[in-house]
Amino acid sequence: MNTAAIQQLLHERFGSGVGPVESARLSDAVEVDPLSVDEIALFLRDQPDLAFDCLNNLSGTDRPARGKIQVTYELFSYVHRHAFVLKVDARRDRPQVKTVENVWPAANWLEREVYDLLGVVFLGHSDLRRLLLPDDWIGYPLRKDYVEAPEYHGISTVRESILALPERR
Amino acid sequence: MRAYLDAVAAGYPSTSPALVYLLGMLAFGALVVFVFILPVAGITSWVERRVWARIQSRIGPNRVGPGGFLQWLADGLKNLLKEDVIPAAVDVPMFRLAPYVVVAGFCAAFVALPFAGSLIIADLNIGILYISAITSLVVIGILMAGWSSNNKWSMLGGIRSATQIICYEIPVGLSIFPAVLLSGTLSMQGIVAAQGWAPTSWHMFHSPFAFVAFVMFFVGALAEGNRTPFDLPEADSELVAGFATEYSGMRSLLFFLAEWGNLYVIGVLVSTLFMGGWQVPHFTDNAVVLTVAQFATMFLKAYFWVFVAMWVRATLPRVRVDQFMTLCWKYMVPIGLVNVIGAATVMVLLPDGSIVLRLIMVTVAVAILVQFARRVLFHLHRADYGRLGRIGEGAA
Amino acid sequence: MSAYVGNIVDSVTSIFDGMAVTFSHFFRRPYTVQYPDRMPVRVQDALPYRYRGFLEVDLEICTGCLACERACPIDCIAIDVLKNKETKQNLLVRFDIDLAKCMYCGLCSEPCPTGSIHHTREFEGADYSLESMVRRFVLDPVETYKPKKSGEDDPAIVPILERGMRYVNEFAVPEAPPKPPKKDAAPAVKPAVGAAAAEGQP
Amino acid sequence: MSLELEFDDGREVFATEEMTLNMGPQHPSTHGVLRFIIRADGEVMRSAKADVGYLHRSIEKIAEKVGWHGFMPYTDRVDYVAAMTTNQAWAIAAEALGGVTVPRRGEYCRVIAAELGRICSHLLAAGAMGMDIGAITPFTHAVRERELINDLLEELCGARLTFNYMRIGGVAWDLPPGFDAKVLRFLNHFEPYVDELDDLLSNNKIYIERLANVAVVSRERAIAYCLVGPNLRASGVRYDIRKHLPYSVYPEFDFEVPIGTGRHGSVGDCWDRYIVRLDEMRQSARILRQALEGLPEGPVIAKVPRNYKPAAGEVHVHVETPRGDQSWYVVADGTEYPYRVHIRTGSFAAMSIIEELSRGLMVADLVALIASFDIVAPEVDR
């Protein structure tokens, strides 16, 4: 089943919470409402002719120009061997997305990673802690406007280059 | 030994024979410890590393001395000079004492080990019983080390070791029975004397039951010596280094000294109980030459089993704790019991043994060896590693 | 009961075979290479031609195009070129490579038109300070190399350029697979400076 | 002396107490720097919580700073045990965005390098598995074979671990002269070696007992936790990106996708995960033979500008690495730097299931479990 057909199904079921097919170059996606993504995910998993039983990838992209943080879900069905890309846009100043952890357990760590690096809060997540960075790290490094603190617990995070590099770069 | 000391005492009538005897025995014991146990344990460490290396397509230590032979001395010296780190949270007296208890336990076993027909520190009439009792002292040391380290991995190691030795005392004891029954004595020299130099006269070939007892004894001894596949107490991939995790320098080395020394004890016990010990053909009347020959025989037989233990260690994975218990209680103990009854029955039916049975057993053993050799050749030809050279052999 | 006996038989046979495998290794040669002192040849000489060791620069044929500096993802190369307006010659005043930072990826040697910057097969550089790992190739300012239209004819430079071009040719060139440079036709060596300069300098 | 039979809060003294064990970050069998916090009742675990991040190098952030060509060496460091396939994933993603077609010989070179890398990685996995179970010799034997592959790859691309062999548009170097003969000689030697490893380790009764029926992952759980690659196939799902979502020139090769059969226990146990890897090495050898035979002539790299600026767009790339389907999400915005790169690796997925699987296992089984998932810590953390 292709993206357009799935979008059709979703639109019939969920109405305005499901946007049109976004045809970026090389990949099609459907954008949905961040606060109803869990229901849509459940539907995508349990509908027999969709049967997306695997959350293959979950990643966040910071889009400061649009004031959004985009979370991308890449779904795959081992039953029908088809894939589908779902996107949600969270507000950049207060990014909140419903968790899909209860639908696909794989989302547990993937969501923690997005929370860790981009600061997206997944509502209803059972264990939303930082995953890769230390618990007391300040800031979300994958945001485009992230500035690394000059030191962490008194350890400098900057290493001076031994070469004095020319200015042209 | 005793006769010699008696003669010395007779030559100096003013001294008390008891004193001479005591001092002589002490001197001989000290001699055995420093001239025999330490080098043997040390050299065993070198041999083990070389054997492992060859099995693993490596070379092993080969820089210190000829073929790396003096590596054990270098390592020993290095460990002696190293700082003895005692972590802050340990129970210091217990922590310090533990290695000595372990070493004492295994050194004490040498008291009753036969080296040759006339070379034994004390031919106790309960020799084998004494040895199986005194080697269990090692577990107390290991348990002390594990507990006092104040480290959960160490504690798990110590407790595993205790479980291990307590469990395996039983099958080991059961597998000693047939040999003791056949010899009619518990004395180590007595057991050796009950066998001849020829393989047909060894206890292990007396009957199938004796052979099974021999295999079980070796397996059980490995378990008691904490050797792979039963090296659970120091399972490096699970428990870091088990009970020895917190030890450093000489104290750490003492544990390994005991382990390597114990290998030799296992070898001597297997040879004594089942393989005719120091028995050689009576080819000369010269007592010195004969003793040397007996000593060499005993040493080679014992060292063969040390080698087998190394080889087993390089081959087999480690069992898990519950499987270890299963092996002991569900397999070795029942089989051991049946075995004792079987061996006793054979003794009743054939009071003088049967040369036919012995010959059949030897033939079977030879057949197994031949099959083994065939498998080795098969593996050698299947994947010939000599064909591909590395650096300097055909490389650009 | 059959499982019981089966377990024992399985254990004995599988261990028997495993022991045969390990025993057979006593009759095989060990694989250890006893680096560094017991090698039949020096290890550097045994390494393949493409080995990515320390970077080295042949200043005689460096065109000063800065392609390597741009290609380096971690900025471990620093080059300063001064332009002499009168003679229209470029003067190379600095060519530093921080070998402690270098990750030996080879990306810098790829765009080099003459093969001036290239990896050697040297790799032993243990030292006590990071500063000592900085290789400063330019001690006195040198003029950059200018490829000649008719091919190189300076006998001092020809062998260096030949070596450099052999290095360049190791990298695949699209469309036309390169011919190895001929030994006897020394003046025919032409650096691929035009194409690379067009690519490397936007 | 009277014994107090109750704690202050009323619990009985004679209850067993749980023990908290801290395994790692430095531990002999954590394959890198991992940490587990184990709650155990004696030797039996109640749970093992994983704590990752000790090897986090923010590779995804670096990608946004170093440009399309410059990121290639960094992909080596995502999974240093199998750098070739990670190289390939990045190259495929960048090529898809830039619309570059790789010459056929380049694709063949990539397949040869990637399959050698796969054997390399699986050897380490199988050997380390034996090592964690306590057999040390198989590890050294596996590393010995791996050295031979490293020698080959060193000849191919000049490095033994961080290859940086592939480029956007193809590969950096053509195969060196005589390389195919060397690979064939290696394969002739290697295939019997795998049989020998079977005799030495896989069929060993102790080894089987340690692994069979331990940490069984059912088909459903494997999919739900997004296990990929050999870990998924061991649970009985016949899915291999090379076969079912083909990239490069894999459709031209004839090979099988081995799955777990539960020969000694149930489908999806540790032993299945181990044996699937062994079978995959044999299949890789098969692919290598075919690739060497059908090697076409021609250039190995397409003409790609040094200043690579793919048009805006985003792409999801899946590549079958030794640790399974590596899923790359790459966003381009038309500049010379990638806008966003996200890598979902096989080890990452496998790490997240360990907590669930660890309940009721013994401490020694956890070691086997980690090894059977073939977890490479830097790949988890990136």
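When the chains are written out, they are named A, B, C and D in that same order, and each has its own residue count from 1.
Rule of thumb we're sticking to: a contact is a pair of C-beta atoms (placed from the backbone, for glycine too) under 8 Å apart; a residue touches a chain by one contact, two chains touch by 3 or more.
Owing to the predicted nature of the structure, the values given are computational and were not obtained by experimental measurement.
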| item | value |
| --- | --- |
| If a chain touches subunit A and subunit D alike, it appears here | C |
| Distance-to-centre winner among chains (Cα means, whole assembly as reference) | D |
| Gap in Å, rounded to a whole number, between the CA centres of subunit B and subunit A | 62 |
| Subunit B and subunit C: spacing of chain centres that average the CA atoms, whole Å | 55 |
| Distance from the mean Cα position of subunit D to that of subunit B, given in whole angstrom | 42 |
| Intercentroid distance (Cα basis), subunit D paired with subunit C, Å | 28 |
| Set of subunit B residues in contact with two or more other chains | 55-58, 314-316, 379, 385, 390, 395-396 |
| Overlap residues in subunit A, where contacts from two or more other chains coincide | none |
| Touching two or more other chains - residues of subunit D | 137, 144, 147, 155, 196, 199-201, 204, 206 |
| Contact pairs between chains, per stated definition | A-C, A-D, B-C, B-D, C-D |
| Residues on subunit C engaged by subunit D in the complex (per definition of touch) | 7, 10-11, 14-15, 17-18, 20-22, 31, 47-52, 67, 70-74, 103-107, 110-111, 119, 170-177, 199-200, 202 |
| Subunit D to subunit A touching residues, read off their complex | 52-53, 56, 58, 60-61, 96-97, 220, 223-226, 237, 239, 244, 311-316, 318, 325, 327, 329, 331, 339-340, 342, 344, 348-349, 351-353, 356, 381-382 |
| Contact set on subunit C toward subunit B in their complex | 4, 7-8, 15-34, 39-41, 43, 46-49 |
| Complex contact set, residues of subunit D against subunit C | 66-67, 69-74, 76, 103, 137, 144, 147, 154-159, 162, 164, 169-174, 176, 196, 199-201, 203-206, 298-303, 305-307 |
| Contacting residues of subunit A [partner subunit C, same complex] | 161-166, 169 |
